[in-house]
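Alright, structures below, take your time with them.
Across the two complexes that follow, subunit A remains constant while its partner is subunit B and subsequently subunit C.
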Partner chain A sequence: MVEYLYFVISLLSVLGGASLLLLLTHREGDDLYRLNHISVLFLVVALFAALMQWNLGTRGYLLEGLFGKVLYIDDFALLFDTMFITGTIMTLLINTEYFANRRYFNGEYFALILFSLFGMMLLAHSHELVTAFIALEIASLSVYALVGYHKNNLVSIEAMMKYFTLGSIGGILFLLGSVIIFAATGSTELGAIAQYTHKGSADLTPVIIGATFIMIAVMFKIGAVPFHAWVLDVYEGAPFPVTMFMASTFKIAIFAIALRLYIVDFVPMHGTWTHLLELMAALTMLGGSWLAITQKSLKRMLAGSSIVHSGYMLIAITSIGLGSNIAASAIIFYLIAYFVSSVGAFGILSFISATSRKELTYDDFKGFSERRPYMAAMMAVFMLSLAGFPSTIGFLGKFYIFTAAIESGEFFLAGLGIAMAFVSVYYYFKLIAMIYFYPNKEPQKELVFNSSTLLIILLAAVVVLGGMGSGLIPYMPSADGFIDIATAAVGALGTPLR
Partner chain B sequence: MGQHLLSMIVFLPLFGALVMALGRSGLRLLRTGTLAISAVTTLLSFTLAFLFTADGSMQFVRKVPWISNYGITYYLGVDLISLVLLLVIAVLMPLLYLYMHEEKRKGFWYSMLLLQSGVSGVILSLDAILFYLFWEMMLLPVFLMIGRYGAGERSYNVMQLLLMTLLGSLTMLYAILYMGYRFYSISGHWSYAVEDLAKLRFESETDILLAAGFLLAFVIKIPLVGFHTWMAPAYGSAPTPAVVILSAVMAKLGVYGIWRFGFSLFGDTLTLYAPGIIALSLFGLLYYTLRAISQDGLREMFAFASGAHLSMITLGLLLANIYAWSGSLYFIATHAFSSAGMFLMLGLLYRRSGTFAISELGGIAQRAPKFAFFFIFFALSVAGLPGTGGFVSELLIIIGAFKSNLWIGVFAAMSMVAAVLYLFTMSRKVLFGESSEATERFDDLSPLETTILVPLVLLLLAMGIFPSLFMSIFDTQLSIMLDAFREGVA
Partner chain C sequence: MYEQIAFYLFSALTVGLFMVTVLSKNILYSMTSLAAGMVLISGFFFLLGADFLGVVQLIVYVGAVMALYAFAMMFFDATRDIKEKNTSSALVFLLGGMAALLLVVVFAAPIMGENIQASYPVIEGVGNAESVGMVLFTKYLVPFEVAAVMLLVAMIAGIILAGKKMDHSLTTVDDPINVQEETK
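Up next is the complex of A and B:
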């Protein structure tokens, strides 16, 4: 029993940290810096524990004696753990200045973030539908509260209500799907479901119905068109650190369970969904591009563009269904690439808006390159990566996804994806143009080295190095490394993809 | 040394720029550093030319895995065509840096260094993905230079340039991805190396689409008529060094792309497209010449003149016989020097008078005889007068045109005459007659400015008077390539 605890250190550390922070925050005027450091401390322990177990081929149920076959550990879950924890650390450290300058932040913010993280990690480890639902709700409820965190701000409240209502529908659909699957297969455990669906003789119709509900819930969470109505308003209404947390970390959380289900349990249903997924991928890319083009506020533009990125990932999901060998690792690589670039972009935005109350628009970036030359260069790097410009990690992400799409015969979707990447050049380069093309009116600011700037520099370095390889820069960790990680994580899922 | 030579030529400017940017070097250090880097790069390029043997093969090849899971390699090599372009860059860049010596905006220097790396990389890459990387990379500094340091409606013009060229690049990317996948499905391993992709054979419709993907990228970059709407505004807005690179180097890269990828990947299909492209080039000759005649802005006039000449080069390339090919390759070099010289003259003119409008100029010859001499010389070399390299190149292309079709030849020859006419008229209006408000105080060329222009003059004269020096090398290599192409088609 005790030796199994080794594998749950990271989960326990996050849960323990969250509970402790909850206890620490009953007073007015909490020392936010100290609480921030305490939470990061717990997270670093968790991250370290997750990394220690990575790529050892660990595979098995967590604490089986206690929980049965509910929680599972493998490299796939560990990769997601690592991303979630990293994303949370980034969110906390990059925004140090942001919440120090806002009166409405107090200690429970950290507890909520950590609970949400715990929910996401639980989701990555869950091997049973009801557990997954509970995990999803733990994560979501914390995020609902975080979105409405600015209690006196009507926009923030509106965003929370919208997100809460629509998000609950998503959650309910997930539960409904699980119930139907349970009715059909007699189990909610993923292994048992997989056995049932792969048997061949069974009637799959009820399972398909249930699974479709679950997939719709997933679409809700990633903001795929036509379930995207909440995205822009919620991203805009939430405080910046929360938007950053949602766009980068929380957005990929749902993939942890969705991919596990889709790649392993729902394989026989792939054919049924192909056309639906194709349509949704196309709509999501088109709709997201339309939304992103028309925005003036950067938060809304990034929200719209995050829908487009969901669309690219839907292409890869379609390709998995058509039997592509490389699509599954492509999607995970894309998640990493999107994660790094968007954390960086949101990080810079919230870093800038830390001391001002204004909503950031394109125009606010005029003359930015002279005001803060290094920050400007890094913002340009993140924009290039999001646009998929070569020599950044974003390009390789798109390269893998489109290659996978072509491999599985989705020529039209690949073409549409490339066309939408072309459109995205417009709204990303518009920001670069604002940064570089206009003279500066305010005095230049020195680059201060603190946790925020160092982490942003680190992210920019990852974006560039992840897009280049060992061939161009000898003796450096190459772009190959990331795709190897992605392949290893997919390999851990075990079941043949075809 | 040998195997790293190309990498050094490509990456020295980039690394220099990075080191100087991170070291927050001051303006003087930046200037000296840039000059030193470009001098070294130029020396390396000349060393390369000296060690190069013209036997039709790829030389100084360097191929190492880059993204090994997908068989993408870091793959550089040089043959005669890329060598010519590389030498053009090697000659032009130091001159441009000298021209820029009073430039105080640091970003401009960094952009130029980045641009030099980008264009060199495009010329030397033999892996399609690497080629695509550099192809996009060279766009960034141009985007910054025009948008940040340009004139007029710069944001709008540069966005137009960016979106149009990216549209072409992305169709090319799609074609590259598809070909890579097909290679994988046939051979079982991934590769994007040009010679591997060249082995692929497709159904004819697919081939036509793929070739279209590549060609769109190239004809927009050249630009052929119909794909040219970005050209005049961008040339008009760009600062002088950027215009020089756009016209002298980047436009040629479109032609180079057809040469490197069009001919080797789509031999058969390209002959299907050839009549269309030839027609476009011929129409371009006419159209661009007419547009050039009707311009009042000198920048725009020479933008269209440049477009006409690039149409001529494309024409020669697509005619695919030995005269036309030698002419095209020769024209790539001579046009680079003459248009670089001309745009530099315009830059100097603007520094003195503050205008590009022909109607506001006049009477320069009395005040600045040296300036007038160089101005006339470059205008004549652009027009392709005997004694300059341009004449030899155009003549060769026209001979090649007559060889394939009488009317194409007649048409091409006519356009040459028209160019002479409008260039003479323009020179007369700008240099002679009454001096205007703008040219009241017009200083003659300083010694430094003369130093920048003299090498170009000498080169153009040398190439015009002793073409046989170069032609003997061109002939052997080009006939080998031509044979290979004809074999591929047959």
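Up next is the complex of A and C:
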């Protein structure tokens, strides 16, 4: 029984780290560098514990005799764990300069980030709706507080209130959906729900109503178009490290439970949602593109473009519903691709804005290639990947998604997606143009090379390696490796009982 | 017989008290009548045999939520009447009335329906609180324990956002968006 604890070392390490950080914070004058290093230490332990479990192929409930069927261990959860921990480590390490230059940061910042990570990891492991709700709320509550961290800044406070109010509604809808599903099926456990829905004879109407509520909550969290009103303002108002954390790590967190539900439990109801999802995917891509094109601030532009990326993921979700075989792996591959690229792009932006107080606009990047040539090259790589340029991981992500869409006969959505990918070339390449084709106005600064730079270069390497064929470097997953990981993760969910 | 008398008595009192809550212009009266109404609602739960829910209703709504309201009220001048600003009272009545009607229809619908069976009939001989406890500490042990982490996070968030250095303004030193706000 004790050997099962091996599988939750990462969860416990994160929770323990968060609690320890709370004990270490003082009322005033925390040594933020020290706290940062302590939190990264706990995260590295968690990451190693997660990586050690790869290829073991473990599947099963954690301590079923003690806890019941609540926490589940499989490759799917493991993949999400690894991504969450990596994203958090990146957020903490790339932004070491940012919080050192701001007086409003204090020790609890690290504790909250670790608590949020704990919530997300618990969400990936939860196999039961009440646990999922509480895990989601732990993650969300921490992020609400982090968004409003600069509490004397009116924009930040406005962003927090907006996010708190709308996010709470999303959480409540999730809970309402769970209650209705419980009323219909008599259980909140995903396995029992799957048995009920696949029985064939059962009346699925109440389950459909409940599941629709849960899906609306998911749409809230990923910012799909009718529910996107908060995205731009919240991303803009939050401090940069928090925006980075939200846009990359927190955004993919909700998929950990949504995919579990959608791929396994809700299979017999897929037909109900096809048209709704098609409409939402189209609206999300169009609306997000419109929002991204019209922005001058880079933070808002990336926020708008993250809505477009949600739209692409919705295409894949529609394709899963229509019975595409590769759509499920495609969406996980896309999540990896989007995660790596957006961590990099936001990382560079927050790294640059660490010492300046200005809001970054396109104009600030004029002549950037002369000031910081390496950073400029990395930024170009991330922009290419986000736009879906061949030889980057973003291209393969889009390739799989559109292949899945065509496989399932969604020609219109695939066409619209490709058109929107071309539109996205405008707002992403505008930045590249600003970097390379305009003269430098500001004086040349001293080239700094520190751990943040190294991490960003590492991310850019993953972006390029993930976009190219198979193993150039042994033990390092490339394009084939990533799609294998995605397929293994989907396979772990169990074959849907069709 | 007694149950019916109790039911109608509680209903009349609850409706009356909540009317005071809505119609009174003094925040102190509103709050007190709301608390009293909550106590009477717990009476309904006891009547229905759901003693656990009744106790929870008393502890959570009357004990915790009303205490919170009372603390919040202490920051205001409670003796002053509230001036309401309604731009369109007809619209308010229309929307409120529609919502109320909808609720009545939703809750009355099962009475009209036939063949209603309880999916989860009450188990005889097992106390209410007992069965809740059984489920809470076996099947839902993890969510129950993890809820503690959630409350801890909420508390930390509250302290961070409202607590430290309230007198110390950071507005002038940090991010630029504020500077624009100030110069306006």
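Keep in mind that, in the parts below, the second predicted complex is superposed on the first by the 483 of 498 C-alpha atoms of A that agree within 3 Å, B and C clash if a C-alpha of one lies under 4 Å from a C-alpha of the other, contacts with A are read in each partner's own complex, and residues count from 1 in each chain.
To be clear about the criterion, a residue touches a chain if its C-beta (ideal position, glycine included) is under 8 Å from a C-beta of that chain, and two chains touch if they have at least 3 such contacts.
Everything quoted here is computed from the prediction, not taken from an experiment.
Visitor: Superpose on subunit A as described above, then tell me if subunit B and subunit C fit or clash.
Guide: Fit - subunit B and subunit C, as placed by superposing on subunit A, sit side by side.
Visitor: Mind working out whether A:135 is in touch with subunit B, subunit C, both or neither, as first, second, both or neither?
Guide: A:135 sits against subunit C, while subunit B stays out of touch.
Visitor: When the two structures are overlaid on chain A, which partner does A:367 contact: first (subunit B), second (subunit C), both, or neither?
Guide: In the superposition, A:367 touches no partner, neither subunit B nor subunit C.
Visitor: Counting only touches as set out at the top, which of subunit B and subunit C does A:15 meet: first, second, both, neither?
Guide: In the superposition, A:15 touches subunit C alone.
Visitor: Which of the two partners, first being subunit B and second being subunit C, lies in contact with A:403: first, second, both, or neither?
Guide: Touch partner of A:403: subunit B, not subunit C.
Visitor: Just checking: does A:288 make contact with subunit B only, subunit C only, both, or neither of them? Give me first, second, both or neither.
Guide: Once the two structures are laid over each other on A, A:288 reaches no partner at all.
Visitor: In whole Å, how close do subunit B and subunit C get at the C-alpha level once superposed?
Guide: 30
Visitor: Would you mind writing out the residues of subunit A in touch with subunit B in their complex?
Guide: Subunit A residues touching subunit B: 369, 384, 389-391, 395-396, 399-400, 402-403, 406-407, 411, 414-415, 418-419, 421-422, 425-426, 429, 432-433, 436-437, 469-472, 478-480, 483-484, 487.
Visitor: Considering the complex alone, what residue numbers of subunit A touch subunit C?
Guide: Subunit A residues touching subunit C: 15, 22, 27, 66-68, 70-71, 102-104, 106, 108, 111-112, 115, 118-119, 122, 128, 130-131, 133-135, 137-138, 141-142, 144-145, 148-155, 160, 183, 186, 357-359.
Visitor: Okay, in this complex, where on subunit B does subunit A touch?
Guide: 64-70, 72-74, 107, 129, 132-133, 136-137, 140, 143-144, 147-148, 154-155, 158-159, 162-163, 166-167, 170-171, 173-174, 177-178, 180-181, 184-185
Visitor: Which part of subunit C faces subunit A closely enough to touch in the complex?
Guide: Contacts found on subunit C: 119-120, 138-143, 146-147, 149-150, 152-154, 156-157, 159-161, 164, 169-171, 173-179, 181.
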